[in-house]
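Right after this note come the structures.
Next, two complexes with chain A in common: one pairs it with chain B, the other with chain C.
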Partner chain A sequence: MRSRLRVTPRGFSGPAVRFGVPAAALIVALMFGAIILTIAGNDPFEAYRTMFDASLNGWNAIARTLALATPLILTGLAAAVAFQMRVYNIGGEGQLYLGAIAASWVGLALPSTTPMVLTLAAMIVAGAIAGALWALLAAIPKAYFNADEIITTLMLNFVALSLMNWLIFGSRSFWRDPRRPVPGGKRLTENAIMPSISGRMHIGIIIAVVAAILLWWVLRKTSWGFQVRTIGDSPRAARYAGMSVRVKTMAVLALSGALAAIAGVTEVSGITKGLEPIALTTNIGFTGIIVAVVARSNPLGVVPVSVFLAAIATSGSRLQSIGINVQVVLLLQGLIFLTVTAGEFFVTNRVSLSGSVKAATADGPSEIAEATA
Partner chain B sequence: MNDTVLVLSIASAVVAATPILFAALGEIITNRSGVMNLGIEGMMLVGAVIGFWAGNETGSLTIALLIGGLAGTGLALVHAVLAVTLRVDQTVSGLSLVIVGSGLSSFIGTSGEPSLLSARNGVDVTPLLPSALRDLPAVGPILFGHDAVVYVGLLAVAAATYVLNRTPQGLALRAVGEDPAAADSAGISVVRMRYIATAVGGFGAGVGGAYLTVAIVGTWQNGLTAGIGWIAVALVILAGWRPWLAVAGALAFGGLNGLGFTLQLAQVNVPSDFLKMMPFIAAYLVVIMVSASPNRARRLAAPAALAQPYSREDR
Partner chain C sequence: MDGDLARLEVRGLTKLFYGVPAIDSVDFDLRGGEIHGLLGENGAGKSTLCSVLSGLYRPDSGTVSFDGNEVQFRSPQDASNHGIGMVYQHFRLVDSFTVAQNIVLGLHKSQRPRSMRQVESMVADLADEFGLHVDPTASIWQLSVGEQQRVEILKQLFRGARILILDEPTAVLAAQETDRLFEAVSTMVDKGHGVVLVSHKMAETMEYTDRITVLRRGKNAGSVATADSSPAEVARMMFGDSSAAERTRFDTAHDIGEPVLSLSGVSVTGDHGLVAVDNASLVVRRGEVVGVAGVAGNGQRELQEAIAGLRPLVSGSIEIDGVDCTSSGPKKTMRAGLAYVPEDRLGVGLAPGLPLEHNIALKSYDRAPHSRRGVLSNGEIEETMDRLVKDFDVRGNRRGMRVSLMSGGNLQKAILARELNEDHHVLLAAAPTRGLDMAAAEAVRSHIVDERADGRGVLVFSEDLDEIVHMSDVILVMFKGQIVGRFARDELDLDQIGLLMTGSGLATADTNGAA
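Right after this comes the complex of A and B.
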């Protein structure tokens, strides 16, 4: 008897499928990671146990993980809101740098006697505006000429990186501390630093979680959010219904840029405490895209996914101390991205093993593989 | 006159253009079959590190480039499984391969004692043509002074143009990229064609990456390609998916990449950070200009089924 794999599209994917498939994909990614670690001569169980201990076991570890999850939630939201409209903002990295540049400028320029609440609010607003404007450099050509936003947002990342490097390493700018022998940013005064909650974890985590809830509410409960999602599903139908796709494209990309930039604000204010290009270039913008894909663009899903990916990233230094290549962190993130992307197929299609060929052809499914059983 | 700033900088632009050209040519072939592969940067990185390793082990430029190319092919085939067989979003799939390629290359490049980070280049890259030609004024260094790979790149462009436009296989590949349903009806296997085109594209990216480490930079660093793969993706749009135009574009970007070197020779003082921005600003502007171009033929040059998964049931 021959049995075949049958593939039938699912009309509707229930929550068990929508959450179960990405969860299974995470496990598959960790298994691939274990294989690679074994090939590299490491004990994968020891590696994963160390990663768990370093990131989630105990309050100090959790605080470290949440400190790293803070900007990831924000860049994850940035990617997610654009995905909701089927627009790809790959520029989170550059928008984050612009947010950091603008926020540190405000933080340094305001007198140190300015109340903390005012200073931090001004930094967030300035960062958000800078990120939104930077995103508009890609959004306007997208809205008016349909210029591919994937390429334009990505190119702007490299421009933003060089700009930030120039401010600290290539010039005697306002941001650079002239007294330091090794080029670095001027240190922010206390009123411009987000207070710590525990260790490295600072109040930015609250800002990030509030942003996630707000974004969920806007997308799910307002007519603006409904329009954005409609455009994502079918731009033509949306245009027939009288929605302005052009204005929404610009608005959504500006919002996306602002969110990514706020990640730059929380990093510069809560972690680096000055414009420090090397400490700010840790792939947070790009990782946000992984977060959004794994969370299936759901703002509330972004929070736990960010914590999970932050847990992997934060354990890198501990891995190094037991002789495991720290680059496995980036590799694991990539594998998770890959398996979750592949998993999308199983969210939208039902794959089953059928006993007889006749039954398979009767309802007209396709055959992607066949095996003799 | 062969060591004047102008001659030296044009000659260096030709060399800098070569990895971009290989990657862009591969992407053109992939795109013409209807598959969008945004993972070029990741494939170049993996090709770069594996090619560098192979060059170190064997001392052979040919083997370094072949092994680097095969590494790129391996990663491209993962993209083919996701994009062609599983029909997932090709943008997301491509981006995931950028991260995988970047993580994998950094992992390989920093593994082992001593790692490739401290390895010296094992390959001697020598000019192909005799010194009589190389020493000709101006044209010598610019046209005749390069290693064999530069000329192989041009041959590959000629071959790709011929295969795409003048052979039944090329016609089949383009048909699959323009109208897969019609191609399928005509008995062409859409899946097989797209797998082959994606694999060839990955090979081009891998060779480009290997050439970068072995022949140009001569060392391995994590993230060594620094955006060259993305430049190649943008270049494909600029070239309107035509191989010969990609040569011109690659030369222009090669020139921009070498601009710092040129200006240094000319003793013009521009901050290096601004020089690093130049290729990316140019790519940004070019993509917008192509999209805004009133020339419809130019805007419509993209293969009609680009980035659209094909499923027989949805016909």
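Right after this comes the complex of A and C.
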């Protein structure tokens, strides 16, 4: 009598499962993290308390965390909208640079007397368009020749990075401030800078949250979103129902690129206040992919997940100050990502232990693979 | 092993899937030195029987004896070690490996020579011996389909197979390659090997086999010596005798009106660029059910896709209710009034991972009442769903549950409900009752037949000849992409239809073409 694990699809999961499983995953991650911290010679309780203090305890800490969460929400949404259609945009990083380049160009080019609302709106629009066009460089080959977007969007990141570096370090471009001894971008004038709400936190957080709600609404409540969800589930069924998979592929990748680019706009306008390649290359685009995966591509889930990841990241420097290696922070982040994504399996499947092999094969689930082989 | 004839005996073999028998108490014998044809419609249980014999499935009851000893195969490898090899219709070869590498792939070190050079010369000898010529050093991607098939056969012979199961080996071959294949097969048989030939094709089965076993609905419908039998007898075994057609048929009293679907000279290519539908013409009129009989894979799916606008035409034209829908795309055929129940429910007809309400709105999401100005009205969609669920008796749905967890019968009713809920003039239904239990199948059939009472036309494709006879006013037969026979309800000849479905009896067919 061998026991065997039995896996049955749940079909649909109630809120207890949908929220309980990630919470349990988080606890598991923190427990593993505690073991690692102990091995590294640190007190895990002190470490976790420091993390909490640094990122969530008090208004200043929260403002720091939300400032970091702002671009993460946007790149997270960028990845999420593409994932909804099972298109994999790994190019959020490069699209973000393009958004930063375009927005800083508009911000620098417009006269400093232009009203702030107009300037910021123009910067967002310009950034979004640049990001969308950059994404289309991958979307069009995908739609017409089925070129793998994972490769093309990934490769375009390096092109975008080189472009941005060249503008500041390799040329005397419009963006570069000739007066500074160390190459850097021209500083944006006041009307092109997103006003601060508190400390580093600026109005970009509002833009990001509104974008999340809007995107959720578009995906859930409009016929356009209906098509995206259908294609994401079954391109053949979508074609059968008369939907154009090609047009939607391009539209969704363009939208994804635009969202990632807006993260570039908020960063360049609210944080770096000029095109600063070093300060802009902090893997926000790539982290957005992690955000989308953990949030299960749900736009509303992207917001708390971004805040959570930002909280872990902001506590990094404080942890170092109490003598914990920064690598441990990254390790914790990885652990949480791993457990939450692994938890996904338990959200969609019910796992139970069956008494014997016979029982498991007699009525089905484990035989599904066999029957369809 | 030469001269030592293999004997395979199967007694009372049963294999259940979800409690439903795919094969039911099947007896089957194979002797070394013979080619044994295994015939039957799709779903008759041929593949299941072969999969049990080759160790892929374990039977629920019954025995398999090999050379008089009862055997239980744990895996295909185990079956292969016993000397039973299967050649699948879809090859299992690694494209970038050479022939010799593929042949030894998966063999344990102790089962193969150490150097590839040695393998190559052994393969070359084996190829010579059986007339299966192929270069052992060539990569798979360089080979034609026929050559790849030879590699598959050589692979089994290399492993010492004395019984070879060939699953529809000629489906992928050109005529000349078919001849070469059977030359090789007869060499094997002369050397005492036993060969099971799984086939749909009457002509080749009659020509090459020594005996024929027919499976019908999971049961052995009889084994005959080929020489003592006739195509007509075998076709009767496959499709049932004429008496089955005498069972109650749907009422015929209804008015036939204008054509709602007309195809003239339609030709389309299949997924691999070969001709799939060849100059097909047909007409469906209001108040009429036209049934298309045929063994799967004779161009039915491609023809359906052409009608639905999913597959462009190479030549010919299609009209739906007077609107030209030639290569027009699915949107236009929907607007012209085509309701389409596709063969592949979960792959095409439904988005399997999404809930029922989404699938109910799959084609009407962009129109009132289900959406206005691009904004979905989820309340209206749910109302439609509730109404259809009630009218069509769709069960097993829970709010938010993905539809792939519903049973086949309920899925089919849901698709039918959605399609019939749209404004339409003609219903195209493919294999509408496949895999359904009796009650669900009957419900689906009566919904379909009710269509003609409302003055709509119906074109229904099915492999189940009884069902076609049961429902149709006009019966067409498809074979190799052509419509090879047309029978009005009162001039039905089941034997003749059975022969046409398997590609024989063409000469005497009543091919009036479309009326």
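Operating definition for what follows: the second predicted complex is superposed on the first by the 347 of 373 C-alpha atoms of A that agree within 3 Å, B and C clash if a C-alpha of one lies under 4 Å from a C-alpha of the other, contacts with A are read in each partner's own complex, and residues count from 1 in each chain.
Definition applied: contacts are C-beta pairs under 8 Å (C-beta built on N, C-alpha and C of every residue); 3 or more make two chains touch, one makes a residue touch a chain.
Everything quoted here is computed from the prediction, not taken from an experiment.
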Per residue count on chain A, the busier partner among chain B and chain C is B
Query raised in the report: Looking at the overlay, what does A:S223 touch: chain B (first), chain C (second), both, or neither?
Result: second
Q.
Quick check for you: in the superposed arrangement, does A:G242 touch first (chain B), second (chain C), both or neither?
A. second
Going by the contact rule set out at the top, does A:S234 touch chain B (first), chain C (second), both, or neither?
second
Chain A contact set shared between chain B and chain C covers 9, 364
Listed in rising order, chain C residues that touch chain A in their complex are 17-19, 56-57, 308, 310, 329-331, 334, 340, 342, 344, 347-355, 358, 361-363, 365-366, 371, 374-376, 378, 398-402, 405
Chain B contacts chain A in the complex at 38, 78, 81-82, 85-89, 91-93, 95-97, 99-104, 106-107, 109-111, 222, 226-227, 230, 233-234, 237, 271-274, 276-277, 280-281, 283-284, 287-288, 290-292, 311-313
In their shared complex, chain C is touched by residues of chain A numbered 9, 11-12, 221-227, 229-230, 233-234, 236-242, 363-364, 367, 370-371, 373
The answer for chain A against chain B in the complex is residues 9, 36, 40, 88, 90, 137, 141, 144-148, 150-152, 154-156, 158-159, 162-163, 165-166, 169-171, 286, 289-290, 293, 325-335, 337-338, 341-342, 344-345, 364, 366, 368
